[in-house]
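Going by the order they are written in, the chains are A, B, C, D and E; count residues from 1 in each one.
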Amino acid sequence: MSTATDIASVDTVTAADRGRRWSAVVADFCRRRPLGAIGAGVVVLMIVVALTAPGIAPYDPLNIDFAAMLAPPDAAHWLGTDAYGRDVLSRIIYGSQTALIVGFGAAFIGATAGAVLGVGSAYFGGRTDLVVQRFMDIFISFPLIILALAMVAILGNTLPNLIIAITVPMIPRCSLVIRSSALSIREMPYVDAARAAGYGHARIILRHMLPNVMAPYLIMLTSFLGQAILLEASLSFLGLGVQEPTAAWGLMLRGAAVEFAETAPWMALFPGLAISLAVFAFNLFGDSLRDALDPKLRTG
Amino acid sequence: MWRYLINRFLLMIPTLLGVAIIIFLLLRVIPGDVVEAKFMSGEGSGVSNEVLAAERARLGLDKPVWEQFAIWIWGVARFDFGISMWTGGPISEEIALRFALSLQVALMATIVATLLALPLGVIAALKQDTWVDYAVRVFSIAGLAMPSFWLGILMILGFLIFFKWVPPMVYTPFWIDPWQNMVQLVWPALAVGYRYSAVATRMTRSSMLEVLREDYIRTARAKGLWLKLILVRHALKNAMLPVVTVIGLEFAFLLGGLVVTEQVFNLNGLGLLFVQAITRRDYTLTQALVLLVAAAFIFVNFAMDVMYAWLDPRIRFR
Amino acid sequence: MTDVAADTLLDVRDLRTEFATSHGVVRAVDGVSWDVRAGETVALVGESGCGKSVSALSIMGLVARPAGRVVGGEIWFKGRDLLKLSEDEMRDIRGREIAMVFQEPMTSLNPVLTVGRQITEACEIHLGYTPTQAHARAVEVLGFVGIPDGARRLKQYPHQFSGGMRQRLMIAIALSCRPDLILADEPTTALDVTIQAQILDLMKDLSRQFGTANLIITHNLGVVARYADRVNVMYAGKIVERGTAREIYANPRHPYTLGLLRSVPRLDEPKRARLDPIQGQPPDLTRLPPGCAFAPRCAFAIDRCRAEVPPLTSVGGAHQSACWVADSLPGVAAKPVAEQVPA
Amino acid sequence: MSVAENLPEAPPQAAGDVILEVRDLTKHFHLGGGLFGGPPAVVKAVDGVSFSIRRGETLGLVGESGCGKTTTGRCILLLEQPTGGQVIFEGKDLTKLSPAEIRVVRRKIQVIFQDPYSSLNPRMTIGQMLDEPMAVHGIVPERRARQDRVRELLTVVGLLPSMASRYPHELSGGQRQRVGIARALATEPSLIICDEPVSALDVSIQAQIVNLLENLQEQFHLTYLFVAHDLSVVRHISDRVAVMYLGKVAEITDRTALYAEPLHPYTQALLSAVPIPDPEIESHRQRMVLGGEVPSALNPPSGCVFHPRCPIAIEDCKRIVPEVREVRPGHRVACIRV
Amino acid sequence: MNARRMTWFAGILSATASLLLLTAADALADEKPRSGGELIFPVPSEPPSYDAHREQTFGVIHPVAPHYNGLLRFDPTDPTGTKPVADLAESWTVSDDGLTYIFKLRKGVKFHDGAEMTSADVKASYDKIVFPPAGVVSDRKGQYTVVKAIEAPDANTVVFRLKWPAVSFLASLASPWNWIYRAEILAKDPHWYETHINGTGPFTFVEHVKGSHWVGKKNPNYWDKGKPYLDGYRALFIKSSAAQVAAVRGERAHIQFRGFTPADRDALKAALGDKITVAESPWDCLLMVAPNHQKKPFGDKRVRRALTLALDRYAGSKALSRIAIVKEVAGVQVPGTPYATPPAELEKLAGYGKDINAARAEAKKLLKEAGAEGLTFTLSNRGVPMPYEPVAVWLIDQWRQIGVTVKQEVVEAAAYYGVLKKGEFDIAMDFQCGYTVEPDLDLYKFTSRSKNPSNFGFYEDKVLDDLYEKQSRAKTVDERKKYVREFEKRLLDEEAHYMMTLQWHRIIPHSSKVHGWQVTPSHYLNNMLDTVWLSDGPSH
């Protein structure tokens, strides 16, 4: 057979290529999407801060010191203290844990549940799709605040419940997006091939369709990350989020921070900046990720 | 097309019914009821259980849940939303002024968002990956990243400290005193509009980028058309379709979703009423509000479909 | 057809166009020269990625920026080097003097504008027509391309036309300003055989009628055989063979051309036991071999082919080939080199 | 020893028995409509198609886009549920099988798709893709043995065994199509539906794949239903050819007869439209260029669906739906003028 | 007037005189009141209905009270807000047995609709409160169980007959909730007043725009000639406290009658200087910690005592009063009011001592004895930020210092009483607030659970019940004081059934233009606005 020569000459992808693929992809992303790289950098920094909080925070975030109430930023308290004399910097550092847990928790659950529903709905189509979409319509048109209030009122104010409350409105949004790309993937010949090969529904959905909605999934995930952090802050601001004395950014913005906005602006300023920076970074990264992953927007 | 639109219109009914059922049940699952919220607020003496029971009976809360639902939904079907369990006033009266306010803020914010988003999004798309693009994206993402209540607090504080000025405290309908009305609402509209412009800017940019890569834009360029003409005539109308959707949906969200902003700017809008209604367990009012906001949302969705059909001849002539 | 052989309309000299990709720089068009004379039909033939479409876009100044750019060469059109013109001057040439027809009639028309709008706008801009004049012209060109009832159809939208009809519309748009040259990039690839025949016949007729020169870009050797006067065969960004259609088909002097002709089954030949494919895969433009780009797939390659790039040299009159062994190639009908029999 | 020797071959059967028979197959798609939408529009994508394929032969199915040839293939694969008619494969009517029985049948009927870029799951390696069907159907239950089989399959289709660890995007179009073929072979099918297997490939690659398909057919006694629009390729590979137009079979006969002496006016026009890569011949060729466009399947013409474009149509053609009848032995045509 | 009763009043008056209050009485006498102007004030809540008989929120009192009179009222110039004086009643007598109260009504008082006010109206209004007809809700029925009958023997006389003598009865009649409605209207529709206004008060109703504002204008026919001084008033419904402060600061409002935070006070004072006058008073509201006696180990009084011992109330007062609306360290009565425990005596109670280290050492010891070292529990708190949240944060920190780990669980406000009632908590924040400081009203809450459903400690204590009865029927002020003191010691020290945190502190920074208004310990009082005037007329 003559095919042997033909193969040898066309084996263009070398092992070395594959080895440096990851680092090359990262380097390429940084070069082509500087904004996204900055965002990713901040996100990584945030994760590091959250993980090493006990090591880097100068004070115990729960430590009340009435002697140091409302102290302005100085050498002892770089970012000042709050109304209970707690160190603002330490609370921001520990607050990143809450933000990341809520952010990643809600975004991951929301995007994943949305993806499974979206792909399932698209795959089965017909009546299943119609019913699932009606449910998504119902939930998407439900005012967010009511959902959050109801969840918190029914389930209580704990962190997991907060994550659930934030997740619920994300699911239909994600499912809509994922469904539309899953609809086109369902028409892909490789899904037909899987059906023709006699695979079960679960295998086709999980192995052949889900991995292929990774691009929209990741995009939704990163944008949900920012949204979840912001939502958590808003809910906390309304008193529906995590509760004192937990260190959380939204919580730090509420109550005394507003009352003392004029006389002790550091109390509201720094947590507000932390929220903005975190959400900003996640969005920046997510945006660039979308540009990079969405073939329609690709340059060159 | 008509069949399609009628179909979409009719699909609104099961969705709204679903919303109605869920909010109805949700409210009954939440601990506490309006009677408890009202008489056990702690500022008065203990109220006897008989009084509570009598009040519940008066409000019909002692009836089986399905019966309560049937009574309510029958009223809704006749556009009678009943009376507020908290104030005893007709729901329509409770909502009227707040709705006008929320609608106006939503409209103004949408205008702000659109005016910001379209030019910025188009410019960013045209100058993709240049500093202009980066600047627009940073500006818009900053809008997304800043909690709007935070922005609101900063704005109000800024006015206070630098201008010793506070916006009017009470909503004056536009037709009574346009100036007072604007002076009060323009700030929240700006704060919210900026935030929502971010969503629309991003959509405009990506939609524009997508359209600019379309074959027909290449065709238009090959015809030797002016860039401006290509943009306005060939690109914008196509790129607008998803943008219009996003703006429409955001508008619908704004109607009932401005809780925090309303709080910061002290606007007596639907969002605040929502929070009040549910924290007071004012079932009838909460139900009516949820239904109203959901209906607005669904209707805007439907209107978007109509708009799509109108903008896109492929649908119009189907 | 009058003899205007000396009347060169478009003269592309040593054109180079590059694209920056994440894998490196792609020399999509790598020092290509060819010309088109008034009224004739020239073909650019090659497989996907060989640079034929990019050549056309380079002429129009429509290479997608910032990734792609023309880095060298000259494009002489009616005494002017198009590469030296400003964007405004170029805009006056596009559509007015050189028009282009694209491959995908389904996506190349703007879905939200009426057909009339899309035909008339070029006339209004380039020829200064009033809307009324432009409308009259649009009805006229619709007639030329065989769409009756023009006045009514101008009010319709592209989706109300079938694929073949849309390609007629594209041609109508191209014709509307009476250009001297039409660049047709795979104008029939997306169409069915019977429609393909209609469109090609139409283009041929129009070219005769108005004396418009055509550049047809295609991968379909049959289409070239039927319609082109002269043929340029491209491989990996370079022209590997050129000549009149008859010369190329009767006596191909490049192994690639030869391979292409041999590998397609033909309706006019008895069925062969097996086809004679070109071995290997199309080249990766980011990592071309040092010598002749075709050498790795070439059955006739010698050592020199792998070291030195062969220049395009004459193999008889205007017939040119870029091959070190052009003279020793067998004919089309010759016995295939490697008979494929299953093991 | 050939690498392919370990592959089980098709059971030795007398060539010529009918492996697949399609009887009066119809497939209608309903557009629009919905919950409250009133009567939906019906597209008759496939409208009463009948043919049979004998074991070991290749039936070419040609026609222009929208003629129903692909849908016919998909109905046989049960990717679409036929609206009517029967698909009898090895004696069993596929339209009446239970889901469990369908699973078994799917092993025996495989498919090769047109677009080598979208027919491979981009998130799976070549090895996983070839391994999966064998694991699911329990053809090779042992994991290590399956890996050996994957390597064999790759060799059979002319790829390097090492490519098992690659992802599709690392391969060229021709290589991907080879993977597609290997995947079809993995379940040891007896019938393969080739849905335009070469039309998305570069000219220089098409011939490689056509040759490969022919070699494999001989090696494993495969039966092909070769769906394509390229008449030259169909002529090369098919034993018999069916021409479809607007959901119906216009003409069906063996290859030689069809190309030498096409009877249906549509077949004649189709053949005449194909350009021959020889300017000499082209300049003398008489061509029959059809006017008009293919009508919409939503609203097909009355009588003979081809009559509006037919050069020899008469009044009767507008009324009479022509039957597919045997005009000569083995040569069936749906035209009242023949 | 009966001699014994006179003693009573003397006692109260002498107590009043000895008050130590932060703000001296406004310069009512210094300047002559000026007429005119519209008083603008934000109201943080909106009236649910207009009928105060059935409502509980100051959201009704603040905008609606100026339309009405009661039979009695609390003296608007009294900083303690404990002195009942005449309103529609001109004078009254009490029988010797203390069972019959006879009120003579003013003549010539007219409702806003022009109808003459008579004893029938007073009787009908009180009948509605005390003996509500079917379908009418009266929250305060329980407060008037002592009333046997209400009679109107003639147009100007109203007689209340009691079942037993009650020393607090006059204070009950001075309740700011008991507006006098027109009998004829009530007879036709007992719900009419829920949605309409028709009173005898100093201001008439102009409009209520839901979600926006309430406007009243001067009643030209008001019976108290010369009053009111204001041309009218405008109540703005503003929920956000920041916006309320901004309104005062931007001089878009004169005063907010409920109270601002210390931060707001300081900011206003800093920004407006002399234009702002700050009125402060202890507030008759108190956050208490209720340990659930049914849950282990809170049934053990050593644990409860340890928890109250851990609280450094004086340091807490100093710190929290800077950031929250709490300040005074108090027992069961607002400091400065007649029955309040003097500070020196208060210090003897557990957790009120000045030596916090000793107290904490004792607390740790008690915990150890009770086997509750390293105690961990959840503090259930009501979802109202101010002052619940700072107090909870403080409590958690205080308890941490005796080795007790506390997690806060915040329950949304409306669901909170469900949690309390069902006893689904370890330790809960509880709350009491009254319109006047009066032991009968204030102490009832702490009586046994079986008598009193709002006892959220879930305990039975016959001794306390007995002491409550005794103080209520005490014949002299001193006797009553003695019982109140005993009650307090048993409740807070011996048994530590409940733990008091800090007394609320009412801060009213208002425009210096506002005169004639006296801050009191209750935000339900002094809202008739008849005595209020603006120093330089209409300003907005």
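Quick note on the criterion: contacts are C-beta pairs under 8 Å (C-beta built on N, C-alpha and C of every residue); 3 or more make two chains touch, one makes a residue touch a chain.
What you are looking at is a predicted structure, and each value in this text was computed from that prediction instead of being measured.
K.L.:
In terms of touching chains, how many steps apart are chain C and chain E, taking the shortest path?
P.N.:
2
K.L.:
Hey, how far apart are chain D and chain E in touch steps, shortest way?
P.N.:
The least step count works out to 2.
K.L.:
Taking contact as defined at the start, I'd like the list of chains shared as neighbours by chain B and chain D.
P.N.:
The shared contacts of chain B and chain D, listed by label, come to A, C.
K.L.:
Of the other chains, whose C-alpha centre is the longest way from the centre of chain D?
P.N.:
Greatest centre separation from chain D goes to chain E.
K.L.:
Counting in whole Å, what is the centre-to-centre distance of chain A and chain C, each centre being its mean C-alpha position?
P.N.:
Here chain A and chain C have centroids separated by 48 Å.
K.L.:
Find the geometric centre of each of chain B and chain C from their Cα atoms only, then give the gap between the two centres in Å, rounded to an integer.
P.N.:
So the centre of chain B lies 53 Å away from the centre of chain C.
K.L.:
Can you tell me which residues of chain D touch two or more of the remaining chains?
P.N.:
Each of 35, 172, 175, 208 in chain D touches at least two other chains.
K.L.:
Residues of chain B that contact two or more other chains, please.
P.N.:
11, 30-32, 129, 153, 160, 263, 279
K.L.:
Would you pick out the residues of chain E that each touch at least 2 other chains?
P.N.:
Those would be 242, 412, 414-415.
K.L.:
Where on chain A is chain E touching in the complex?
P.N.:
Residue list for chain A touching chain E: 62, 64, 66, 69-70, 83-84, 149, 152-153, 156-157, 239-240, 243-245, 254-256, 258-260, 262-263.
K.L.:
In their shared complex, at which residues does chain C touch chain D?
P.N.:
So the residues of chain C in touch with chain D come to 47-48, 162-165, 192-198, 200-201, 219-226, 228, 245-246, 249-250, 259-261, 263-268, 271-272, 274-279, 281-282, 297, 340, 342-343.
K.L.:
In their complex, what parts of chain C are in touch with chain B?
P.N.:
Touch residues, chain C against chain B: 60, 62, 66, 90-96, 99-100, 102, 104, 107-113, 117, 121-122, 125-126, 157, 159-160, 170, 173.
K.L.:
Could you list, by residue number, the parts of chain E that touch chain A in their complex?
P.N.:
Listed in rising order, the residues are 241-242, 261, 263-264, 266-267, 270, 315, 318-319, 322-323, 381, 383, 385-386, 389-390, 392-394, 396-397, 408-412, 414-415.
K.L.:
Which of the residues in chain B end up touching chain E in this complex?
P.N.:
Result: residues 30-32, 36-49, 51, 54-55, 58, 86-89, 93-94, 96-98, 101, 153, 156, 160, 164-166, 168-171, 263-266, 268, 272-273, 276, 279-281 of chain B touch chain E.
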